[in-house]
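These are the structures in question, set out in turn.
Across the two complexes that follow, chain A remains constant while its partner is chain B and subsequently chain C.
Take a look at the complex of A and B:
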């Protein structure tokens, strides 16, 4: 049994079928990539798993228990953390406080000095230690993405969902980021579900790739099989 | 070291303020007591509006619930006013909790609309239940102490204001305070990090309403006459203006705003009863151009001065 499973997951917005009967599975301990052209429904799928949106149809199970229909905060407490494609920092709060929110809802009894220490640790992990006392609104786009990751880690998830965290990075930085995520997975024993528009990166990092196109699962398989599949090439490049 | 020095200053300031009424006549003592009532009102409204970003228009109504509950208990059932104050606080908390559960799931604007409606309904009830509330004539109620003394009331109000400020301070500096601010900044991100947004909001609304209920109940027993002026929208907008002009979302803001505007309104009252309207307009301008109010302007000025000093000290 996979750690995360979806069955027949569908979601319509008005007349638009953003997702249409998608089945998927994310195996424990793996990095699973989710790719597809813009508007394919990737972020919508994440929103449904994380409880930010309810599915119109279908169910999602995490660790064998149904989570679809639960509010977002409960899903977080079950062990699923996500980053937002368009980052959503608590702008008026410091980076340290941003991360602390994740910590104190996992460990409500923690005192201030303890959560400060832990939050500093998470910030250091993503290379934001120097910004601990900076209001999050003053960060640049790349720093904001790092903060998203630190905050997500602070909730101590078993499943980490990343939504396009590589945007704005150059080739060299992408290499480093891929290494970082893999290392993170190994060190923390995480499972990673990762949306990325940059195909190359996901091909390196993932053990399995899912391809969404116009709300349906086009195919899934190991990265090598996916890139060479004519349907995928067609979906990305058109005729 | 710095924190200890700050404590000493704070203690000295409170002590000096506590000694102040001995040097004043009854009229100025009255102004201080009324100011302390508004400190309680503005600080508790700020807990909600400034720290969780929910605008309630029912804060004066909750003060009215506290005042009328305690007053009616005393007049109709001979209940001791102190017990009445406790009962009024509790009743305001219960109303806050129920209203909160009803509309906070829906979020944002619904709280504002519901509390506005609640405030209007309360007015209709007060005016129609003349037998019990004496309508606009006002309900005469007993005082908190056997022998009426402005000095005694001053200390009662000072103690109550300090309790209110302590509750607010504790909440915003406890872990729950981080959740308050997270919800205010971005509730979707907060929920994704494990914050139970509805619970946080209901809690803030309940505590805030209870504190307003306590302030109103005490105020009624000070004025000895409870009128629909206490739960009026006029009062509501005065409290709003005090908080916004003083500094929304800052601890000192409502205190500064409450004293500043109450003292000012005593002076400009001679020019007619339009001062609440004038304050409202000023609050609107402040909200637009200096969203952190007087406190924000002061902090900004100090930050710029420190920066200039640091630049000057650099070789």
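Take a look at the complex of A and C:
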């Protein structure tokens, strides 16, 4: 059974159907890519899974239990964490405190030294140990992305959802980031659901790719099969 | 005269700051402007009067119970009145406005239009550097106000509840996505905001007695403090309170007491002309 499953997931904004009856599955322990042209509904799907939006129709199940309709914090407690395309750290708080907010999810009453050690551990995991006492607003874009991953990890998720973490990175940094995420998956036994525009990275990292187009699931399959599929090429490039 | 007006300004300014912190906290966490804030202040004054005078309790115990009572009432108000309105800020605005009128009428009915004053904590006066004699009660109020504000900031900085408040004030949705139950946080945040108003109320009531409608100018001043200090900035709020208190009292001493409230708005207009986001306000990106 897949860790995350959606059945007939739809969402309308006014008269616009952002998602229209999407069925999808993310198998435990895999990296699943979610691609599609702009406006295909990728972020809407993420928002529904994470609980920021409720689906108009359809259900989402996580680990066999329905999560659609639950408030976001409960979904987080079930074990789903996400990052954002445009990072949103708590700017006025230090990196350590940002991670501390994530720690509350599993350990709501740790003592001072305990949570600081734990938070420092998550920061070290993403290479931000030197910035622990820096206010998050002073970080650069890449550091903010790392911080967001650290904060997401601190909630101790089973499913990590990444929304375009590679945007703005150069080729070498992309290579490192892909390696990092694969390593993270292996070390923590995570499942990764990953929206990405950098196609090369997704080809390399993902075991399965879902393609959304105009709110519907265009196709799914192994990366190599997906990129060579004429429907996908058509969706991206037009006639 | 200058030193006296300055001291008066600091005493009243600290109480303004305390009241304004409550407003700022509630605006920050849940984006609700509580128009009944002043009435919670007054209620705490009545409570401490009632417990100390009528029930003969120790003044300090009466104050603590008064603040706790208002805190609980705040939880109830959030649960019954505010919670159903999330998503539309206008409803909570109107509801709390109605609540303020209802509370005022209840006070009038129960306590009558007369000023009520809980007993002072200390007697006598102290010679301040040989300049003037100042009432011990007012000095005690100053000390208590500073202590409560310090405690509040320590709570924000050092506790889990404080970190949750700061996170939710900066980005509510993100806080929720990181596992924070913002509905429950709202309830306790609102209660705490009311408790801050209550703390200001019990501190100042022995100096300035409470009447059913005395909460309105208090709440108005608190709103001005929040805007003056910059929406969302807690330390700006404290500075705003102190500035207002001092300016009001210096103005009253050197110009006329009749213009007391005029000075407040002059300062506000001046600050907003130069810094539209307030003294410590973050400009919206």
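Observations on the model:
By our rule, the second predicted complex is superposed on the first by the 239 of 239 C-alpha atoms of A that agree within 3 Å, B and C clash if a C-alpha of one lies under 4 Å from a C-alpha of the other, contacts with A are read in each partner's own complex, and residues count from 1 in each chain.
We take it that a residue touches a chain if its C-beta (ideal position, glycine included) is under 8 Å from a C-beta of that chain, and two chains touch if they have at least 3 such contacts.
Predicted model, so just to flag it, every value in this text is computed and none were measured.
Overlap between chain B and chain C is detected when the two structures are superposed via chain A. Of the two partner chains placed around the shared chain by superposition, neither chain B nor chain C is touched by A:123.
Using the contact criterion defined above for the overlaid structures, shared-chain residue A:166 touches neither chain B nor chain C, since it reaches no partner. Once chain A of one complex is fitted onto chain A of the other, the partner contacts of A:235 are absent, as it touches neither chain B nor chain C. Residues 50-52, 71-73, 76-77, 81-82, 84, 88, 90-93, 97, 100-102, 104-106, 108, 112, 151-152, 155 of chain A are contacted both by chain B in one complex and by chain C in the other. Residues 50-52, 71-73, 76-77, 81-82, 84, 88-93, 97, 100-102, 104-106, 108, 110, 112, 115, 151-152, 154-155 of chain A are the ones touching chain B in the complex.
Interface residues of chain B, counted against chain A in their complex, comprise 175, 178-179, 181-182, 184-186, 188-197.
Contact residues on chain A toward chain C in their complex (touch as defined above): 50-52, 71-73, 76-77, 81-82, 84, 88, 90-93, 97, 100-102, 104-106, 108-109, 112, 151-152, 155.
Residues 158, 160, 163-164, 166-167, 170-171, 173-183 of chain C are the ones touching chain A in the complex.
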